């Protein structure tokens, strides 16, 4: 099922995909592997950028932009701030028992195998990707869908963000010890 | 209209996101640092989002992207609250190694 | 008319019971006694009326009152059957009953709970009448158990003494063992013939062609066990001597004249069944003969005046069962009647003696009462002569007929019966000699108070003594009014030959001589030799075994009562606790599992996550890959 | 007018009693108890006139559950038993002062409500709900108002609660399984389900576990004696007088007709279990020192016989069982009440500490003796009618069953008379025993009157229950 890409005759898009995918996987791995949390965060930012690149590749420009803003911009900054706030570095990393590592690797292998096996077993994918030519992912269309069909969840999402904001403020406020 | 998937194929996206997801799982299990675990979770979320977008293109339907949009909102909220919790844990315990957090021991 | 009269017959004693139990105390002792006596006398009068009616018409009177119990294949009516047999029984139950009530007015006058006593007596008569006139086995069973209840109440009348209560309890439980047998018999009959009604059963059993002999015998045997319990036959006889704990009128009425004859009544009622089951009949005959002999031997050495009479009763009942077993129902009935007369007389006489001696029952402390109590002595002498089978007294005729029947069917049984009769003569006159002859052996104070009993006591004695003398007239050999009277009940009688041959006369002579030998032996030992039974401790040898009643009570105690009690303790202490701990153990196991399971909840997030992922893998692979 | 009225009266009664306050509670409860009894008698009259007094309405559409109350002769007889006994039990407690009386009496009425519901419900789930509902009030009654050491009491009562609850769960499983087959919980639909022999066996067993624990049959009886001893007498009366009849009733109504094949296949085993209970209970009762415990074991023996009667699958067995259920309900309530009367005066339940009561109070003794005699089923008491019929049905199956089951009349007489002898007879007790009060007298006389009247004239009850039992028997025999 897995088609080995024919690099010799690869089109530009294919090459871009391969590069992006490689970057995504590598940085994701490095995020986990790196001992220094700061490095991890930075690798993660790169990973997010590459995913945004995938979005561009898939012609989802709006989502790609939002992704960069939210993830690389907001979330990762939050991570970095927190890491710095806690002053984490390599030395604070505790020793991991071998059994943990072994368990992690085993389950990694297991879940990969299972997921891949599922997709291999699932119905073959249609070879031809027809296109109706309809516009479905421009900002205009997305806005209409979001504010018509998904208006209520959209509003809820805003409420959620508000609540999250209040919650995080409350949580990170220094507790006044009342006796 | 020229569809990008004609050149790349949806299965490649599937494999990409599966592997990405598994890396996330691996991170969650492998690392003891709560912040890294958090990051791994973000990786898993992104893996799923990527698949959403890929299938959105595949089905020529905007809804997949809308869902990614919502999941981003949730992820943002989650990170905000989660990190706030981590901060307060760090303040109280002095460490964010998850091995030390055993208050739930039965 | 008949319905109302039969209800009057039944309910008059019940009314007496109600009045005495509710208002007895305020009415006063004498009034309570009179009410008790009168109500029974009313029943007697009604019985007489019915007797007249039945001798004229010869038609049994069937009365149906209401449906009682509904069973799938038949229903049980609450009804009465007044035929020759039940009316005969009614006559002597209510007749002797009223005499004994009369006697009790005086006898129980010193007891503070005399009204209760009369209430119980009335209740007894009520149940006894129910037993006798019930039209089916189940109504009879009401009376059957009811008289058991009254017997329990009356034996334990002086309830402050726990030994008396024990005796009462023993009587009730022994009776209940028999009752279970009776019930089983009823069940089998119900299943076989779809009815419990006597008249229908009779038709069903006599008319049926393909009878299942196995079940028929089982039913007859079960009924016989019931009769054994009520009529104190081996192996269920031990309650009757103990029952002497009750007041003496009770012993006379219940444990000599009426209740204990219920078994004979029932077997006679069911004669059509027993006639078809010769195996059971022979069992009955053998059991009766052995009971007669065993009880007579025990009676030889007893020193308690009432105990002697009690064993004598058991022995006489044994003779009646012997007759029943040989199919001579009319002879058994005849003996029941004569026995009722002379045994009631004897018991009441002994009561009179005990009364005079202020409660003394041990014959070793009596003697020489002849002069002080002439009427008591005279009546008791007549009764003793009757029971010993001295010619012309009633007992002679009835006992002689039993032996006659036995001789014709089975010589060993005849021999056993004859020996028992000789022994009877011996111990009865031993009783008479020890009690009434020679010098008084009691305390001086008792001697000072010696007196003849008041006329309320002596009157019933005299009446009974007369009846004991002339009672034999109802069934003279060769010309039996009783046999003729009972022919509708016992169809065999119509065809039986009644002729007196040489054999019969020889047997009669043997019986008379035997009786006289018994009397003579007693005379030789207790008058000539002037011997007095030894103290309890000095009794040795075989007489010790006899004195202790062959240790049967101890035997039963050891093989039945003790094991049950031990078993009960074992169940209570061991089985119950282990069952209980089994249940608690289940709880403990659950607890332990949860305690162990708690350890999984280690609090380690890493472990949770690992488990989570593995679980996820499992679920996913099940959902997607398992197909 | 239909049977839901009784339920409404009892439920409203419980609420009103709770609101009435401690002082009025007992009287209000008695009023509602009598109202319910009166209502059931009126309904009985309507029923006898041929009116339809059942009540059915859709309750939950998915799953398909109806609020169905079906009143046939059997149900009505049991309802009558429940309501009349509730009134008697409530009245019997007038001599006692209870803390928080309003809750106490409200719980009694509530329990009565649940039990009446159990007897009437003809929808499986509804029945199950009522069945479990009845457990809650008795749990609190026994736990809060019981006697003896608190810790031990808690242990006994919690054991009882969990034990019966666990048993009932099997029944629930059986109902769920049946629902999957039938698509409805209505009893008529459940009757129609055709089940294979294996299915029947498991369903039969599931029902049996629930009922055997509730009744209780050996060897599931270990909760019984302790709870009877620890519970307040009112609780004991409710438990022994009515609640264990729920189990017996359910055997007849639910277990046998739903799984007739298994019932006839294994009937010998279950009759044997019942009879083993008779003998075992009687023998254990012989050497009990505590009056209430002795009565508990005697109850074990009697219900064993009743259960054996039901499993004979004959009309006589079922009829005798129902008659004996009613009779036993009354007599056991009476006996426990006498234990309570003695306890009120002597503060003891140990038989050895009693004795010599008869000379002080002949009235009480007579009534006690009548109850004892009824309990050992002397003819002309109601118990005899029941026991005779049951034993007869056993003899139809096998005479040996009747003989073994019949040992109850011997052993029963033995332990009851022994108990009577040591508690009532003997030398006058040094402690004063006050004569029975008005309330106590009325209660006992009422019970005795019922026992004696129906002992002589059981026809009304026989006529009432027979048609419905015949119908159930038809259901049982439908496959054979």
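In this document, chain identifiers A, B, C and D correspond to the written order of the chains, with residue numbering beginning at 1 in each.
Quick note on the criterion: contacts are C-beta pairs under 8 Å (C-beta built on N, C-alpha and C of every residue); 3 or more make two chains touch, one makes a residue touch a chain.
None of the values given here were measured: they were computed from a predicted structure.
Set side by side, C-D and A-C show the greater C-beta contact count at C-D. Seen from the Cα centre of subunit D, the chain whose own Cα centre is farthest off is A.
Averaging the CA coordinates per chain and comparing them to the mean over all protein CA atoms picks out D as nearest.
Centroid to centroid, with C-alpha atoms defining each point, subunit C and subunit D lie 37 Å apart.
Mean C-alpha positions place subunit A and subunit C at a centre distance of 101 Å.
Centroid to centroid, with C-alpha atoms defining each point, subunit B and subunit C lie 96 Å apart.
Look at where the CA atoms of subunit B average out and do the same for subunit D: the two points lie 63 Å apart. For subunit D, the set of residues that touch two or more other chains is empty. For subunit C, the set of residues touching two or more other chains reads 606, 610, 613. Within subunit A, the positions touching two or more other chains are listed as 100, 103-104, 107, 111, 115.
Pairwise chain contacts in this structure: A-B, A-C, B-C, C-D.
On the subunit C side of its complex with subunit B, the touching residues are 598-606, 609-610, 613.
Those residues of subunit C that touch subunit D in the shared complex are 21, 66-72, 78, 116, 138, 141-142, 144-146, 149, 152, 156, 159-160, 162, 165-166, 169, 172-173, 176-177, 179-180, 183-184, 187-188, 190-191, 218, 564-565, 567-569, 571-572, 576, 579-580, 582-584, 587. Against subunit C, the residues of subunit D that register as touching in their complex are 159, 162-163, 219, 221-223, 225, 280, 283-288, 314-316, 319, 356, 358-359, 362, 366, 373, 378-380, 385, 388-389, 391-392, 395-396, 399, 402-403, 406-407, 409-411, 413-414, 417-418, 421, 425-428, 456-459, 462, 466.
By the touch criterion stated above, subunit C contacts subunit A in their complex at residues 606, 610, 613-614, 616-617, 620-621, 624-625. Against subunit A, the residues of subunit B that register as touching in their complex are 1-16, 18-27, 29-33, 35-36, 38-40, 42-43, 46, 49-50, 53-54, 56-58, 60-63, 65-66, 68-70, 72-81, 83-88, 90-91, 95-97, 99.
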